[in-house]
């Protein structure tokens, strides 16, 4: 097991290197001068040069690459030209917000997707099943950016039930920072009002972000459940007089956990990535918004940082899922 | 002797029976049929759009500022946009852009991904290790973020968007095909072919590739919708088609500032995206149920 | 006295692509308490569907009961509500299945699965479910009853950690946790090694004898059935074609199909005897042949066989469904 | 620790746990802090870097102006420079030596006195960092040439006469040297620290700085300059809320969660300006919009093609796109710049003349395509691109509309060979110095975004060079008039329009005063207050 983990970690390092190569190449294919943007519209050429020197942009690309790699080994992702701050600091500032959103969405996706998938499977090919599948496909097909805006207009602008954007009301002081995730921090410090405030801000973006994930979980659970329900051991369980409810809810659910887990692992990185759209719509100050604003400014260190962070997350999530698989699936537990 | 020659139906009885079975299964699912209908409509609109819309010039840079932001009416079914152009015409004409985007991305991803996947699965060993490691790296890249970076670097425009999305799309096909090819490699008929000295090329072409087509077709049909959605997302962030060419994502991107008072501007293009992606997904879902029933996974 | 299990004119079809498949076509079968009956037939003849029908495990749809009834101890199985069904499954009819690997849930321990069954039986019997700890003791006991060593340790193990024979014993144990009166064993040994087969068969025989159970043993293997059953029912394409004492059947098959079946078995004791497969194919159940379903493959078929479906009738101390039963020389 | 009494918010927040999402109470329209009010202002642009010597754009400047002071300040329309940290100043005859006398009572937020050394330090810091504001003075002022003569006197000795020196002074904010020096890391002049912290003396101090979402300022109770609206009325604080979606900003204003918003789409403005409880502010801006043409390559190198384009362009559409809230340029200079003249014969749409010009060019029958580049994400330039495309159709000239990120566009435009045929360019003068505008057409400008025309005209060069050191106002104005006429004649750009600057505020907002020399959405918070019970 330990050897397996070590091997995976080494592999992850290798993959990260590949990722760095890709993002670095992508970032430098086009002539772009972020220094000019940072210097301001009126800056003279030598002022732009000052900035370019400061950020090492005047060096040849291979040298920049080697320097970036060197920095990376020390946990340094370079500096954002736009915010002038180290990318790691910016990420530390924005990542908790994204994490909060993704965790909330995942929870939503699991809590809604798993039961819906089960119901759909039990009532296979009947009206509720068709309806559920239609909803599932719809959730994938809905453009998040568009539907997010519609929801925002409905719940925030027309009905005024929910706040429009941001993470907290302007005058609500944030809870003492612990994780940076407001929901968590406010709970940890017992600030219920702040928790409610943060939750009311997070509901819509989390909902929109959860849709594709929810659909995936639903679909997988339905498929798995159909397979399990059709399996011999369920037939056997039924033949032994175990009630259908218990067969569905306990036995089959346990089997459904594994693929759900796999989906969460797969979707984890994916959802971090799709925060790009949702955070833009809801002004959620997370890494997605950070990536978009940096990309549009031609500021590539943050974009690379975000890409690496998400890639790393993806790899770690898969590693964890693999390990959890081993824990949860007795067939793999004793396997070498 | 022509009289005794078996008819077409007789010669292909097994195939026809299979096809009849597919059609029967497909037709039994209302959602699949709905998907088929939407996809058919989408193709029809893409093909005949310019001849059926009332104001075809509105997609090529016409301006009618006196007619800005008019609500839906008999003259303008979907209303008009901020340049006074007919939204119905622009939404319909954008199907062609979307179709092109979807086909190109999926086509490119298939062309790159399938051969790599087959090579990885069939040859195994170092070839497989190399291909799959690279694939894994690309798979771990958050697609939309990488696309964002690519488009931000290359500049916006449909072509750059397509390039960006194709770059992040192919690894899925490698994974899919690799698993299938790996399984097929050890099938008796492949071993038999190898035993009688068939060349790699022949085995790949005759035995491996045809047996991979079902999942590829299923994935491609699902991906059509998703690729269009991804392209629209890029359009929304401001990295979409060049004006004046109509493109749904870009239209929403502009239209969102006109919400909610000029709701029609954003609602119709958004609904068009939704319908199209829904159609392709339902269609693909239906195809999967009949062609590849074992793999109804995420 | 009524039979323990009484199936009469039971007709079951599956609706699917290309129409309706008539899988069981007028089954008549009685099993008395304590009786051991074997059902034999080629794959696809409907014997497993019949076995599942006894405890209503066939899903409807796609299945559809066209006629007939199934009674267990006088009760109409087809009319039972969920509760009665649970009682039937726990305390009336127990089933063991073909592949012990797939019939055990891979992600639960043996103990957990046994305990679930025990508790379900408690509930079906209208008693309070005993706590899991108490059920565990019962589970260990029942494992011991199927001659499994170290039952306590076994409870914590998972199906994949057991050998095929052990798994089948676990399944048998599971079947015996309640107080069944009829044991339905659907190809219980098919997936096992030959050496293990004999052990499992012996175990089943002993358990049936010990507990005075009726046994319905389903197999395509005449040898297996012959080892345990006094009476043999031969099925072909959804119909019972012959129902006779084992000895009589082996000795003097009265149905051409039975004869073909016996001829197809290689006999190691008589090396000169050559196994002869039955020519032709199993009929398409979507459009079964008119009259006798066996007639296209029957060497003795006459016009009447095509025109008229033969009923099960008493011939030579047994029941046969063949117009020409009398013509078949012993 | 300040306590907020925020009725509705707390209710909502407390209730949300039970999904108690109350409907809005329309009566609530501002944040309260005891008897005082906190004004909430919403705009779309973040404030990534607060350092006053490193960055300035409208949102950044607004916060900088609130937490820092400069020697002087721009106020009013037309703009005036009024004394601020300096109570008076004088200059010598050739305007090379400038002496500023500071007020005696100014102090930083931490209590340190704001003395001449702080001023000297701040100017030196700006010059040494060579970022942000440095370009304004770096050519004429060496760091060594700034002297703190005594506690209240600072002298700047310039290397050449600079009549416009004073126009830049309001843009150089004074930082507290002690605080900055205490936070220096790696010889960075405290740059890293000042990015998210402030060391100022302004009317507000930084309370919470979240560059991408919220900047919360607290009013300085004993602000040395006092409060023009009176101590009773002054705000308790100011919140700048970054809300990127215009629709969301609008919703905030309508719901009363923001007291004032900016960056409002023209159509929204039309709808809301008459809405109940909302008051518009609509003022002629100083930002020129022009379509800059590459004068060195392609068809646009031909002056007749440029003139044909300028005469084919639909100027009315420019105004229509802004719903009338724009004025056409009457010269390359905005009206508010000293020396502006109305240039006769500014091109207006006249297709016949356009065709004549085209006929005189080497591309008489058109048939070519021109690239029009605008900054990605900006809506107005995109629409103007569509207008251009439409306008040039009669000349048989195709237009390829390309959106590019600003850095890419600038990078391309910095060299004549790669500069696009046409680029949309907004120029916002930060001071009233006409040299900045005139300099756009000097060869020096090549490489800057406003120099993407790559125009080289010796006459213009000579006049610009002469005007910038001419201390006689009449002569200087004459030179600028000549430059304006000459530039129009050379047509390096399609001279477009000046879009109005617009805000919407709740009708309880008081003290808003427009000054064209602030940047687009910027407001001066110091005199503002909220008039409500």
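A, B, C and D label the chains in the order they appear, each numbered from 1.
Assume a residue touches a chain if its C-beta (ideal position, glycine included) is under 8 Å from a C-beta of that chain, and two chains touch if they have at least 3 such contacts.
Computed from a predicted structure; not experimentally measured.
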item: Of A-C and A-D, whichever chain pair has more C-beta contact pairs; value: A-D
item: Identity of the chain that, by mean CA position, is farthest from subunit A; value: C
item: Rounded Å distance, subunit B centre to subunit C centre (Cα mean); value: 50
item: Subunit C-subunit D separation of Cα centroids, rounded to whole Å; value: 88
item: Whole-Å gap separating subunit A and subunit C, where each centre is the average of the chain's CA atoms; value: 52
item: Chain centre separation in whole Å, for subunit D relative to subunit A (CA means); value: 37
item: For subunit B, residues contacting two or more additional chains; value: 152, 155, 238, 256, 259-260
item: Sequence positions of subunit C contacting 2 or more other chains; value: none
item: Two or more partner chains touched - positions in subunit D; value: 245, 247, 376-377, 405, 408
item: Interfacial residue positions of subunit D with respect to subunit B in the complex; value: 245-247, 265, 267-268, 271, 317, 320-321, 376-377, 379, 382-383, 385-387, 389-390, 393, 399-405, 408
item: Residues on subunit B engaged by subunit D in the complex (per definition of touch); value: 61-63, 65, 68-69, 82-83, 152, 155-157, 238-239, 242-244, 254, 256-262
item: Subunit B-facing residues of subunit A, complex; value: 11, 14-15, 18-19, 22-23, 26-30, 32, 130, 133-134, 137-138, 140-147, 149-150, 153, 157-158, 216-217, 219-220, 222-223, 259, 262-263, 266-267, 269-270, 272-274, 276-277, 280, 291-292, 295-296, 298, 300, 303-304, 306-307, 310-311, 314-315
item: In the complex, subunit C residues that touch subunit A; value: 52, 55, 57, 82, 85-91, 94-95, 97, 99, 102-109, 113, 116-117, 120-121, 123-124, 158, 160-161, 171, 174-175, 177-178
item: Complex contact set, residues of subunit A against subunit D; value: 30-47, 50-51, 82-85, 94, 149, 152-153, 156-157, 159-167, 169-173, 192-197, 199-200, 280-281, 283, 285, 289-290, 293, 295-298
